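Residue numbering begins at 1 within each chain, and the chains themselves are lettered A, B, C and D in the order written.
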Amino acid sequence: MGTSRLEAFSDGIFAIAATLLVLEFSVSHGSDLGHQLLHLWPSYLSYVTSFVTIGIIWMNHHHTVSLIGRADRTMLFLNNLLLMTVAFLPFPTKLVGDFLHHEGEKAAVLAYAGTLVIMAVLHQVWWQYARRNRRLIDDGVPDSALSAVDRAYAPGVPLYGSVFALAFASPLAAVALTFAIAAFYLPSAALFDR
Amino acid sequence: MGTSRLEAFSDGIFAIAATLLVLEFSVSHGSDLGHQLLHLWPSYLSYVTSFVTIGIIWMNHHHTVSLIGRADRTMLFLNNLLLMTVAFLPFPTKLVGDFLHHEGEKAAVLAYAGTLVIMAVLHQVWWQYARRNRRLIDDGVPDSALSAVDRAYAPGVPLYGSVFALAFASPLAAVALTFAIAAFYLPSAALFDR
Amino acid sequence: MGTSRLEAFSDGIFAIAATLLVLEFSVSHGSDLGHQLLHLWPSYLSYVTSFVTIGIIWMNHHHTVSLIGRADRTMLFLNNLLLMTVAFLPFPTKLVGDFLHHEGEKAAVLAYAGTLVIMAVLHQVWWQYARRNRRLIDDGVPDSALSAVDRAYAPGVPLYGSVFALAFASPLAAVALTFAIAAFYLPSAALFDR
Amino acid sequence: MGTSRLEAFSDGIFAIAATLLVLEFSVSHGSDLGHQLLHLWPSYLSYVTSFVTIGIIWMNHHHTVSLIGRADRTMLFLNNLLLMTVAFLPFPTKLVGDFLHHEGEKAAVLAYAGTLVIMAVLHQVWWQYARRNRRLIDDGVPDSALSAVDRAYAPGVPLYGSVFALAFASPLAAVALTFAIAAFYLPSAALFDR
């Protein structure tokens, strides 16, 4: 079985998850609107961070799938689990927006960072399953392309693990670090460092 | 009339329905957030179960459509009804998440299982309509490919019927069985047992 | 300018609007869930009616676009207005589900039928603009294919106009008629009566 | 790296953002529904304005990408930021619908106009980055096609800047001007003035 169906389904999930992030914003009648809009800054921060993260991870996922020539049952299941964590991201993103700078911010950012750690672990497992002994790799792909993806994916789990650890000391700094990873590390990874 | 339009519409519905599942999660200010997040476990369970189910059913639907060479008016209508039950799934999924382990859990899981039974029945009717006397089957498709799909679809209605029956005895066990079907039975079905 | 971009945008809008319909359903804790689920029947009815309507209109739109060879500025704007009414449908669908059999049912069904009338008018205007003097029609398309679409689109405005008129006498009958149109009239229209 | 993946992701975001606009509408039981529906006119106005704006900007984005032959890391990041403002639009659209003609209308329309200004600035930066010294432009594209896009994009920032300024004097007039831009200026821009 080829990978085009898997790709189309994945593309849809990534784009929809990114667009659903906007549903985290809400205000109410009664108190000054301008004031409320300024106090939404944690929501803006978590929105930007998650949107950029999803956009870049989608690009990396897409690049990696282009190296894969066929899918099997296990691959399909791993891909489903990976997409499930991507589609889940709007919920912890909303938690960060609602609770940062309020009672409960540590639990909110731990849920956010925890989701990203699980996503990075699944992305790594998904890739290693396809790559080990070139199990599902397309015949025309050189080993150097595989090593490039290896190098790109290797820091993912430690980086998001650091975000998780940092959340205990400073939830705000942990979200800022997540944004920095999306802006500076991810775009350089699988797609550009070859 | 060919099937590519029917396929594109179906693809969209499957991916969007899976992504909308995340809207079932919600927490409130006021009580401890970490505590609330742990008590959301029925929502995590129903989210994972429905997401994996939709993902695999989409793959099977896609595989089956690849055997079909043309669509007629009845086929179109049946496909619409099938998609309608898929797009409906986020609602009973939310019911399970909100009511499992609370008053009303039996009604919630019966609504969930009932939706899955209807989906399995429609999937079977949809397939049998296309397959009977090779009514809509592409000329190049061997009979063995049709028998493979027959074998794959046959257990669907009895399996989800068992989930429905089990919901009377134990709503939680019924949801766990649904997850097991998605993880172990569905991926082996139409796509992989040839 | 060709029509493939217009088609891709339209496809997305149709599929997403159909899937968002599920957000109309809601229940609350406190009273018996089984009882609440049975009393949601107006929501089930409006959901099924709108879903089937969107599915079939999408198919007809897609068929018609396949006859069109190029788009101009006016065409683009008319298509945008048409999509806007399709994307609006989840709101009056929710109104029907929430208010049918309650105070306000006439206003709800009039809003629903009114949206469908506007959609039918825009679909007609959109088609006539492209078809008049074969303004945007692909050169290879025979006149008979155009007449078939003419015949298919002609009853749309009168039919939905009747739904609107019927809503004054019986809101429930008006919704039932809308369902009958989607199930029996629409699938026979542009796609199958050639 | 080519642009087809970037295009598919962008297409999805535009279509989904436009369709999510419908979630801004809501009514309540208790007071007369017909009355409530008439008083929703600010929501209809902001819905139509944002829907038409997104539809046309999508077309222009698509046309511009067709001139671009390859993407680099910076391009990807700029495109992500641009899509992020498009996907954000449902929130300020809802603000305008909820607050126009009520306390807080100035803040609501400033948020709306501000989002459009940022979108226009990012669209301009995104284009200039690709176009400067033909950095990412496809070899076969003539300079005249680039100048046409230059002319099309030049008035964007001043126009939406005027909307922003006008919002201080009259929030309603600012929204009406935004609609006029979408109906009259945008469709004539990159796609049609060649």
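Everything that follows uses one rule, which is that contacts are C-beta pairs under 8 Å (C-beta built on N, C-alpha and C of every residue); 3 or more make two chains touch, one makes a residue touch a chain.
If you're wondering where the values come from, they're calculated on a predicted model, not measured in any experiment.
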{"item": "Same vs different contact residues, subunit B with subunit C, by half of numbers used", "value": "different"}
{"item": "Averaged-CA centre spacing for the pair subunit B and subunit A, given as whole angstrom", "value": "26"}
{"item": "Approximate Å spacing (C-alpha centroids) for the pair subunit A, subunit C", "value": "36"}
{"item": "Contacts with 2+ other chains: residues of subunit B", "value": "11-12, 16, 20, 23"}
{"item": "Arrangement of touching chains [line / ring / star / complete / other]", "value": "ring"}
{"item": "In the complex, subunit C residues that touch subunit D", "value": "1, 5-6, 8-9, 11-13, 16-17, 20, 23, 72-73, 76-77, 80-81, 83-84, 87-91, 95, 98-99, 102-104, 106-108, 110-111"}
{"item": "Complex interface listing, subunit C residues touching subunit B", "value": "11-12, 14-16, 18-23, 25, 27, 29, 32-34, 37, 47-48, 51-52, 55-56, 58-59, 62-63, 183, 187-188, 191-192"}
